[in-house]
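First the structure, in the form of structure tokens, and then the observations on it.
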Amino acid sequence: MKTLAVVVTTPPYSHLTITALNYVEAALQAEVEVIGVFFYQDGVMHANQNISIASDEYQAIQHWQRLHQNYQLPLHICITAAEKRGIVCDALDNEKVNQAFTVSGLGELVELTTKASRLVQF
Amino acid sequence: MTTLHLVRQSAFATNDFAQCLSVLAHQDAIVFMDDGCYNLKHSLLNSLIERIDNSLALYVIANHAKARAIETLVTINKVSMTEVVELTFNYNKVITWQ
Amino acid sequence: MTMIDTQVCSNVEDGNGLAIINSKAPFSSAYGKDALDIALIFGSFEQKVSLFFQGDGVYQLIDNQDGSLLSIKDYLKTFAAFEFYDIEDIYVCHQSLANRELDESFHIEGVNVLQSIEFSEALNQHAHILRF
Amino acid sequence: MKTLAVVVTTPPYSHLTITALNYVEAALQAEVEVIGVFFYQDGVMHANQNISIASDEYQAIQHWQRLHQNYQLPLHICITAAEKRGIVCDALDNEKVNQAFTVSGLGELVELTTKASRLVQF
Amino acid sequence: MTMIDTQVCSNVEDGNGLAIINSKAPFSSAYGKDALDIALIFGSFEQKVSLFFQGDGVYQLIDNQDGSLLSIKDYLKTFAAFEFYDIEDIYVCHQSLANRELDESFHIEGVNVLQSIEFSEALNQHAHILRF
Amino acid sequence: MTTLHLVRQSAFATNDFAQCLSVLAHQDAIVFMDDGCYNLKHSLLNSLIERIDNSLALYVIANHAKARAIETLVTINKVSMTEVVELTFNYNKVITWQ
């Protein structure tokens, strides 16, 4: 069974993120089981609800949301990395976190790494 | 135990590709992507092609090279992202050099 | 010494305008675009700004690139507007081109290819320098 | 007259920012006239009110606030860079922007550069 | 072939545990700390994790450093806890040390200095690799 | 027209210091700070010391080097941040290599 876990460390306004997205989408289309994407370091910026990218630029956040909806792709953000970057992960006030993303700890990365036959970092 | 190396940085700018080469094993493969495509013109590639045997494979993501106006040598396999996904499972593990 | 002479001296001593050194390749970070935005705003305020391309920054000038293949809005096309903004001083380091086996085929007109010493001297004429 | 403008491109959770802060504070103590600090690229993250840095780590944002208060040091954030990074600069809803910082355009950088005898980038 | 043999084969084929390659110097980015946090969580979940230091990453191991001089909370001190977390496989690239004129004086015990080939082989034993 | 060069990156990792050297003029000065302190052990520094004349000056921020356990050569002036501020105005302009 081909199972894949992906770590994303680049923010939504980085062009490098487009490569990560294209890779994950190609995997999903090839019917690889992508067990989760773990956003770490600047990658957590994808879950910031307030980000406003010019409409003629690539909309990385929307594309992650689309993959989440179409393929039930689990998207995890690292809570420690998120709080350092101004993304409030308070359960009572989680309107700042994009609902396609699950707030997780690094334990989730252990889980993904243990289960996946391949781990790919972007 | 083989490794697929994803090389995303220009060796003209950073030392990452050189580090990749220092751990490269005989049956590994390299995929040049993003600014890693610039390495197709770097002198480190010559040393790599010298080291090449039937088991070591070099790939470049075709549109990443074309977007940068980089001509690719015949000895380098041009691949799509779908093929990179396939390669991921043809090797035992992946290291990303970024 | 007239007022004009003093000004000239002052210019020679302290340099004139802003130089921006571009050192990053175009398609994997926003550095090039961030530098471009600064150049254009200086141009629109009619302040002197010169552009220098060195290291991987020289890739920003190379002909026949196409960011749209990467789903990137290709800010390099905006370089064509430099003339409109009176940005006329554009310098590229010859050694950086040579190291990368690049021809002097650029996607805009009026690029000055300079040897290291002249590149350094041109840079040296400016009052302020930012590097991206 | 020694006048200085400073550009900061690193975020509050980068150790490189400590060097920028030390430099600006040394300039203020030496009675250099620091006419403004312009935060660009990831530097704008300093104005994000929601950022929470572990209490035993360096509190870069508080230190910028302190220099702003003690020396009336003008702190400008670039609005385009800020909106890309999820810092809402809406005049009606500016509670997300730290009040020590002024939301500015790149025109402010032109102003600072023209007026300053030295421009230093961090 | 017994069940146990199959498992052994599977381990040999697919490697075992996570390797983290540290490639950045300690005091000007959070990469080292971000990698450390991952290592410690793998340790606390009793999952095998090995640490590799290469390139400027080798500076993370050097003795007599003091981040407090830079107002930095010195995460390098936490390296002393590796034993407590059963993190015992720590490898440093000899060539990276030599290039930087560094002695083999480390601030923790049990660091294995390896030539490039052995370094590569040790890395190769792992199922997954992250690099910071 | 003189320039103060603030060098913040390790030449073992990136190409920035080499780019700095290619535009260095006779009466310029270099301040090594942050990871730029590692350049005190890089072979590019030897070529620099060969090029040195009475007009070219090299500085390192003392606590940036000490924090990294880097021994500094006698030919390199150790300075505080306050002295870096002074140097800023002793030269006509500043370039930061980061």
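The chains carry the letters A, B, C, D, E and F, assigned in the order they are written, with residues numbered from 1 in each.
Everything that follows uses one rule, which is that a residue touches a chain if its C-beta (ideal position, glycine included) is under 8 Å from a C-beta of that chain, and two chains touch if they have at least 3 such contacts.
Since we're looking at a predicted model, the values are computed, not measured.
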item: Other chains in touch with both chain D and chain F; value: C, E
item: Fraction-based call for chain D against chain A, same above half, different below; value: same
item: Approximate Å spacing (C-alpha centroids) for the pair chain A, chain E; value: 26
item: Length of the line joining the C-alpha centres of chain A and chain C, rounded to whole Å; value: 36
item: Distance from the mean Cα position of chain D to that of chain A, given in whole angstrom; value: 29
item: Chain E, residues touching no fewer than two other chains; value: 14, 27-28, 30, 55-56, 70, 72, 128-129, 131
item: Multi-chain contact sites of chain B, meaning residues that touch two or more partners; value: 8, 12-13, 15, 34, 64, 93-94, 96, 98
item: Junction residues of chain A, two or more chains touched; value: 13, 15-16, 117-119, 121
item: Arrangement of touching chains [line / ring / star / complete / other]; value: other
item: Chains touching one another, given as label pairs in label order; value: A-B, A-C, A-D, A-E, B-C, B-E, B-F, C-D, C-F, D-E, D-F, E-F
item: Complex contact set, residues of chain C against chain F; value: 12-15, 21, 23, 54-56, 93, 95, 116, 119-121, 123-129, 131
item: Footprint of chain A on chain C - complex, ascending; value: 27-30, 70-73
item: Chain D to chain F touching residues, read off their complex; value: 2, 4, 15-16, 19, 22-23, 26-27, 29-30, 32, 117-122
item: Chain B-facing residues of chain F, complex; value: 12-15
item: Touch list for chain C against partner chain B, complex; value: 24-25, 27-28, 55-56, 59, 62-70, 72, 99-101
